[in-house]
Structures are given as structure tokens and as C-alpha cells.
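The data blocks that follow each hold one structure.
Shared between the two complexes below is chain A, which pairs with chain B and chain C, respectively.
For the complex of A and B:
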């Protein structure tokens, strides 16, 4: 098992830092999957702790100038590591304006992801900051729980509105209720609803548009105005929204009635899939 | 917006309808009296009075006169109901409490009458939120019988003069003692805390003093825990009128200028902590 990679481009470095900040907001601990072409940040919560899952994918070519890896074996050419996501984002904080960033898998008394950052300095000698992030190598037999989630056949697929508006709405709603109802139809309407003994609040988003490919889905019913709804834990949804610091280039919400809501976001060349299961 | 139109058609059924281009002109004033969960609302042709009370010793009233609203209709007055103020404020600020410049949230408010919920329709950038807040049996509010003919001492101060004093009140003191007198020290705020007593004097010819009408020396004590919440109104206000009557009751009137330059008033009444001692 070997892994070493290097970023020298400032834009790539910033982008990578942003991704790692987003991951830190979305998941406390996550799995990092390293394969010859991709890096993935994976979260797959136990049902008991909410059952949220996440699959974030970066194409390594778009970020790294050098990228070498050797997986556990030739036929399973991948590495799965578990790490505390904040450790990575904290390490990358020092990387602002850095000249280069190197990440490698090391073993210093315990397995580590070593992040070394070459910083510019006034004098000609450069300074190097090194962070050793403790990791756990995930054995082959547990990989099956960490596969790319299949997107379920959804009842409604809809483009999301500006996430910032959604976030402020959901933040207020959270003060009133723990339960959020997300509903949408194929006319481009999306509603966020809470209902409590004291108050019912519904926010209506209109004319959002539906992604074209979804309308061909056979499982959808004929009436485009019919709402598909899903009840979710409002804190999980807010956590997802809080993680989005930059508005994504594309954001889609897929609802499987009373089962799951799936968010599919694209930030330039990073894709993020986030699943929140329905509350029973 | 069909939702809004539908509402307008049914307008005659409502005992109260009001609309406002900038919801913050209402929410800011209500925040100034938000020190208890519940409030009682009284609407007449002149506007809405919202009352919050605590411990049968303090009462805060916010007056939002009809002129603040772009439209204001009351069918049979007075319209009275009790409402959860925390929930109302969460609803009013559903699109965020610090909006971007130039973006306003519009409000339409309807109340059908006794037993019906208060309906709020908020709109920002084409997104509509509908809130249905259940109302409660109105409670009898206190009558402080504070009559201007019984006023002994009256001072009008620029709020900035009191702001610092109130935000730094020694909360280990149980009471705030207010001395008002035609002679020295004219206007004095005193606390008696764990770390000792403190006295803050305002000379009568201070620039902050807009008017000074004290006829008789009065020394009264008020529970600091009851007065502290009025800081919320003080922070927003430009002027404050401080009056005491012959029983030692205190009236604080705050003049608040909203974002459109209109003036609103918030008033606090507080009864003295003990029977005023003979002047010392």
C-alpha cells in the first residue's frame, strides 16, 4: 500500500481546501478512498445515528500534479482510510498561499496521512509545516459497506433553489420543530414544511425546473402536480446546507416518497451526493 | 401570486388584515419586548399594541401604529389575541434576520377572529412562506394606572447616554436604585452588588439630557432582573423618556426610528421593589 500526491497549483490547492472544509462540516469522521483516478470522501452512518450517507468524488487529475498509489492488491487497487475530517481541514488551513502541498501515507509508530506544506518565506529558505493525521486503514472485508451508493428510482427530481435562502428558512424552522417535510412535484414546485401544535409553516419555492432525464422515469406517476413528500430530521438537512459555503454549479434534489431524499451537487469538478433517510 | 390573491378575495371575512413592505419594521419592534414567550396583541384602527408581562411587576408595550403598515384594516375593534412571541418572531424572520441590502421581505397578515390562527404570508424574491400560528385565549393584562397627571419627575435622555449604563449594570445587585431630584445629584443610577456599590450621575445640563423636569426628590428601587430586558428596546432607540409617578412606579418610553425613518414607541412599566422609604 502506497500513496503520495502533490499539489503545486494555488487554485487547485484552494479548491482542495474548500472541499475538505465542506467535508468537515458534513461529517465528523469519514472514509477516504484512494483509487488511481479518484479520491472519495465517504460517510455511511449507522441507521441508529441517523443513517445519513455521503459520497463525494474528486477526479485526482484535476487537483494533483503528481499522484502515485498502489492499492492493497492489483485487482483491488484502492486504499480505504478512516480519519477525523476536521484534522484534514485544520491541517490545510496552514496551506493558504503555500507553494506546494504533499500528502502521503506513512507509518510513524501508527498509520498516518502526512500532509506537508511548503510555505513561502521572505528569505530564500522555504519552511515546511508537517501534519501527521492519524488514520485507520479499513480492511478489505469492510469495503463492501463503503461502495458508491446507487441512486434509487425517484418519484420527483427537481433543481434546488439558492441554498442560502433555504438555509435561513431551515434555520428558523429548526427552532420550532425537529421534523421537516420536503415535498416537490414535476411542475418545478418545492415546499419545505413544518407542523407543530403551535404553528404550521410552509415555504414555497416555484419554477425551479426539473432535470429532463427524470421525466422519462417509469416509476413516476402521470400527474406532474402531484407532490412527493419525505419527512426528515431537520438537523441532518441543516447540516447538509451549512456545509455548502459556495453555491454549487448544479444542485438536484431527488425524492423517493417516504423513503429517502438524495441531493446531487456539483461544485466545478467535485461531485457530492448526500442521502438523508426518511423518518418513519 | 395566486396564494396572495386568494387571500385578498376572502378579505372581508377577516377581523384584521395588514400588509407591510418591509417586515423588519415590525419584527425589530417586537424583538424589543421579547423577554417572555407569550404576548397579547390588541388591534384597533390606530394600529397594534403588543404587550408582554412578567411577574405581575413589569409590562412592556410595543405600539405599531397603522401608518407603519402599507395597508391596515380592522373590522370590529378591538381585536385581541394571545400568541407565542418566540414563534411569531421566528416566522417573521424566516428569510433571515440580517438580509442583504436592497432585498426586502414583504408581509401580509390576516386574522379571522377568535379561535382562528394568525396567518402570515411572507415573500422574498418570489419565494413565499405561509405561517399559521395558533392563537390563544387573551389574558387580562395589568393596568398600571400610570397617569401623566401623577407624574412627579420626568427626564428625556438621548438613548446613547443610558445604553452603556444599562448594558454594564452590575447584575449581582438585586436592585437598580433610581434617584431623581431637582437638586444634586439630579439623576443617579445606583447598584449594590457583591463587589460594592456603584453610582452613576447625570448632570442636568449634560448634552445627553434633552429635557429635565424634576419637581421632588424621589429614590426608588426596582428589581434589576425586571429592568434588564428593557436593554433590548434601549439599544434600538434614539431617545428615552424616564418618568416616575407619586407611587414610585417607573415608566420608560423608548422612541425607535425604523428603517424607513418612521417613529415607533416601546414602553416599559415597572413597579418599585418596596414601598419608597422616606427621603434620606
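For the complex of A and C:
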């Protein structure tokens, strides 16, 4: 099992730092999957702790100038590691004006993902910062729990409004209720709703548009104005929104009635899928 | 005692109080012939700090009323700090600051003369005290390095604020290494991230230390002095010796000098020994190598170094036994006043691989000025004025 990679381009480095910051906001610990073409940040929470799952994928070619890896075996050419996502984001934060950044798998005192950064300094001398991020290697037999989630057949698929707007709305709703109802139809309407004994608050978003493919495989339901709704934990939804510092180039919300809500975001060349299960 | 500080020096004084407040809860103020001294020591007696402002620092400096003995006093750090709490306020509105110590009224009076004729008077009550004096001598330290505060400030930037201790050492090619110190806990499953900063010797104005030496000290106090030195744009010298001996951090200027004496971990930690391990040497390549060499160095890195058995838990025994180099005789602490036997006892268990020695800071620099022969054994908190009773 071997891995090492290098970034020298400042734009790539910033982009990678942004991704790691986003991951740190979304998940405390995550799984990093390294394969010859992709890097994935994976979260797959136990049902007991909320059941949120995440699948973030980036193509290594778009980030790394050098990328070498050798998986467990030729037929299972991948590496799965568990790490504290904040460690990675903290390590990358020190790389703000770096000349080069290298990531490799090492075994110093414990298995580590070593991030070493060559900093630019005023003098001609070089400064090197090295971060040894402790990791746990995930054995083969647990890989099956960490596969790319399949997107369920959804009832409604809709484009999301500006995430910042949603965030400020949901932040206020959180003070009133723990439960949020997300509902949408195939006419481009999305409602965020909270209900308590005293008050019912709904924020309506209109004319958001529906991705074209969704209307084709939409199930038997032929009435486009019919709402599909899902009850979720408002904190989980807010956590997802807080992780999005930059508005994505594409943001789609797929609702499976009373089962799950699935968010599909695209940030340039990073795709993020986020699943929040419905509350029963 | 009466002194008057004007202009930008008020902020310098304020900054000094801020860095002292990171260490102790009490401030010892002592007017001396060669300037006003502000000193403090922390509650565990493992850190001591002293600022001496030369008479030239002041517009007016009078150590004692003519015909009287100079007074000295001890005040609560909190109350003195509150006078200088807002550095922005000091800079923008305060024109001069007058400090006077009056024996008859038993008050330390700090007056801030602000813009528009506003005058703020703080009357602080104080206690009489003996002189607080730590015993240290930078000249007796074997190793020394000096660098602009900015360089050191940037060097500790990657370390999280929550980090308690840092190991400073000299690596291969005379590169200065700073590494986050982690307490080794045998059964801890959650390991913390280890961060290491490596700086070329050319960033230092002076560097007298052999490769392989290392000490571990508290970062918080160091940050305090460093932020003072950075704001004053001064250089900082670090004098140190074998692990366990205090490290002395100094700033010298024509108007003031500052000494921070910090205890260092007395065990030759696994961390510091690693400074000699080949792994680190790869990270800290030869000096003459220019920057591209680091990239090559990376390419040369043994990618095979990481091979682990997959389905089992990871054993790191092998790597742990490697760095168990016992201290060479040259590195043995040569104590003048410290308890020799204790040092040796502590050195022994560390040679047993995998047995982390207990972490221990000691306050050995509080030898008494009154009875230097009876320096406190171990970490008993004995101040100079108390030790008379011991002898």
C-alpha cells in the first residue's frame, strides 16, 4: 500500500484547501478513499447517530501534479483511510503561500498521512512544515460499507436556490423547531417549513426549475403540482448548508417522499453528494 | 518611586504587561537604580519573566524619593493588566502615563493622561514583598540561537493555540526544528496530529548548537514574549542546555531588556530523540542544498516505507524501539545546584523502549539568592524569600 502526491499549482492548492475545509465542516471524521483516478471523502454515519452520508469525489488529475498510488492488491487497487477531517483542513491552512505541497502515506510512530509543505519565505531559505495526520487503515472487509451510494428513484428533483439565502432562513427556523419539512414539486416550487404548537412558518421558493431527466423517470405521479415532502433534522440540514462556503455551480435536491433527501452539488470539478434520512 | 512614560512607550509598557500576564497572577514591581523592573512567576514556579525598563525609557525616572530606601511591591496582575487592557486605547488616546509608588499611602498610583485633558487614575493597593529573583545565567548555557521575532513568530504559526508544549531542536544540516510535543500515552487510541516546522540556519542571526540537541518547553509563555518582541520588532535569543535545565529567552534593547526563564521537560523525550532519526533527517536536508533539492528529496523518499498488514491492527513496536538512543555523556545535564541523583534516575527508564517516562517540568531555577546552597529539591514551590526557613 503506497501513496504519494504533489501539488505545485497555487490555484489547485487553494481549491484543495477549500474542499478540505468543506469536508471538515460536514464531518468530524471521514474516510478518504484513494484510487488511481479519484480521491473520495466519504461519510457514512450509523443510523443511531443520524444516518447522514456523504460522498465527495474529485479527480486527482485536476489537483495533483504527481500522483502515485498502489492499493491493497491489483484487483482492489484502492486505499481506504479514516482520519479526523479537521486535521487535514488545519494542515492545509498552513499551506496558504506554499511553493509545493506533498501528501504521502507514512508509518512514523503510527500510520500517518504526512502533509509536508514547502513555504515561500522572504529570504532565500526554505521552510518546511510537516504535519503527520494520524490515520486508521480500513481493512478490506469493511470496504463494502463505504461504496458510492446509489441515488434512489426520487419523487421530485429540483434545483436549489442560493444556498446562503437558505442558510439564513434555516438558521432562524432552528430557533423554533428541531424538525424541518422540505417539500418540492415538479413546477419548480420548494418550501421549507417548520411547525410547532404555536406557529407554522413556511418559506416559499418559486420558479427554481427541475432538472430535465427527472421528469422522465418520475414515477406514476402525473400531477406536477403535487408536493413531495420529507421531515429532516434541522441541524443536519444546517450543517450541510454551513459547509458550503462557495455557492456551487450546480445544486440539485432530490426528494424521496418520507425516506431521504439527497443533495447533489457540483463545485467546479468536485462533486458532493449528501444524504439526510427522513425522520420517522 | 515616580516615573513618567510618554508617547509610543506607553504601548510598549502595555504590551510588556500583556506578556507578563500570560505567566503569573502577581506582578512584582521593583524600582532599581538601573531601571524599573517588572517580574512575575507562575504558580507552579516553572516559568519566570522579567522586564527591565532602563531610565532612558522614561521621560522621568526616580527610583526612590531622596533620602529614602526604594520601595518594592507586589500587586495583582489582574488589576495592573486592567489599566493596560486595551492596547488600541493606549495607542490612540493615552499621551502619557505616570506611575508612582508611595509608601505612606500604601498605594501604587497609575495615571493615564489622555487626549482632551481626560485623566484616569488607578489606585492599586499593594503588598510589601521581598525581591523576586530567579537564578539563571544565559552565559552558562551550552546552546544559543537568535533570530528576528518575526521569523520565530512565523515558525510557530502552524501550531494550534491549544498546543501546550513544543520541542525545539537542531536537526541535520543545522536546520532548526520545532515540533508539537505529544504526551505519550500507552493506551491512547486517539492520536493527535504532529506538526513540525523546519527552518534553515540562514534565517537565524546566530546559531550555536550541535545537531541533535533538543528541549521541550511551554508554548503559551513563549507566545507571550514573542508577541512583545514582534510588536517591538526586536530579535529574540534563546539560551538552552540539556533537557531539564531551564531555557532562557532574552530580548535586549538600549531601552529595555526582557528575560523569560522557562522550565524544560527533564526527560529526554522520544520526540526530541527523533531529531536524530533518519526519518527526520530526510525532512531536513543538507543546508547547501537549495530549494529544488527538497522536491528531489521528496521523490527520493522511500515509498516502500509504508507497508502494513491489512486485516490486522497496526503494530508500531518496530519504529518505537529504534529511537531509543540513550543520552551521550556530553548531553548529561551538568547541574550546579540541581539535584544530580534525580536526573540520573530519570534518564534510566527512558532507555527502556516503549516506556514513556513521566512528563515532568521542574522549577530548578528558583535557587535562593539568600542561601544558594539550599536550592529546592524537585518541584516544591519555594520562593527566594521563603527558603531562609529551610536552611
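The rule is simple: the second predicted complex is superposed on the first by the 278 of 280 C-alpha atoms of A that agree within 3 Å, B and C clash if a C-alpha of one lies under 4 Å from a C-alpha of the other, contacts with A are read in each partner's own complex, and residues count from 1 in each chain.
The criterion applied here is as follows: contacts are C-beta pairs under 8 Å (C-beta built on N, C-alpha and C of every residue); 3 or more make two chains touch, one makes a residue touch a chain.
Everything numeric here is computed off the predicted structure, so don't read it as measured data.
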| item | value |
| --- | --- |
| Partners on chain A (chain B, chain C) - clash or fit | fit |
| Partner chain(s) touched by A:80 [first = chain B, second = chain C, both, neither] | neither |
| Partner chain in contact with A:204 - chain B first, chain C second, else both or neither | first |
| Touching partner for A:165 - first (chain B), second (chain C), both, neither | first |
| Contacts of A:175 with chain B and chain C, given as first, second, both or neither | first |
| Larger contact residue set on chain A - chain B or chain C | C |
| First, second, both or neither for A:64, with chain B first and chain C second | neither |
| Contacts of A:16 with chain B and chain C, given as first, second, both or neither | neither |
| Shortest CA-CA distance between chain B and chain C [superposed frame, angstrom] | 11 |
| Residues of chain A that lie at the interface with chain B and also at the interface with chain C | none |
| Complex contact set, residues of chain C against chain A | 154-155, 157-158, 160, 190-200, 202-203, 270, 279, 283-284, 290-291, 294-295, 298, 301, 303-308, 310-311, 314, 316, 319-320 |
| Complex interface listing, chain B residues touching chain A | 3, 84, 86-87, 90-91, 93-96, 124-134 |
| Chain B contact footprint on chain A (complex, rising order) | 161, 165, 168-169, 171-173, 175-176, 197-207 |
| Chain C contact footprint on chain A (complex, rising order) | 1-4, 6, 68, 72, 84, 87, 90-91, 94, 99-100, 102, 104-112, 116, 118, 121, 123-134, 137, 139-141 |
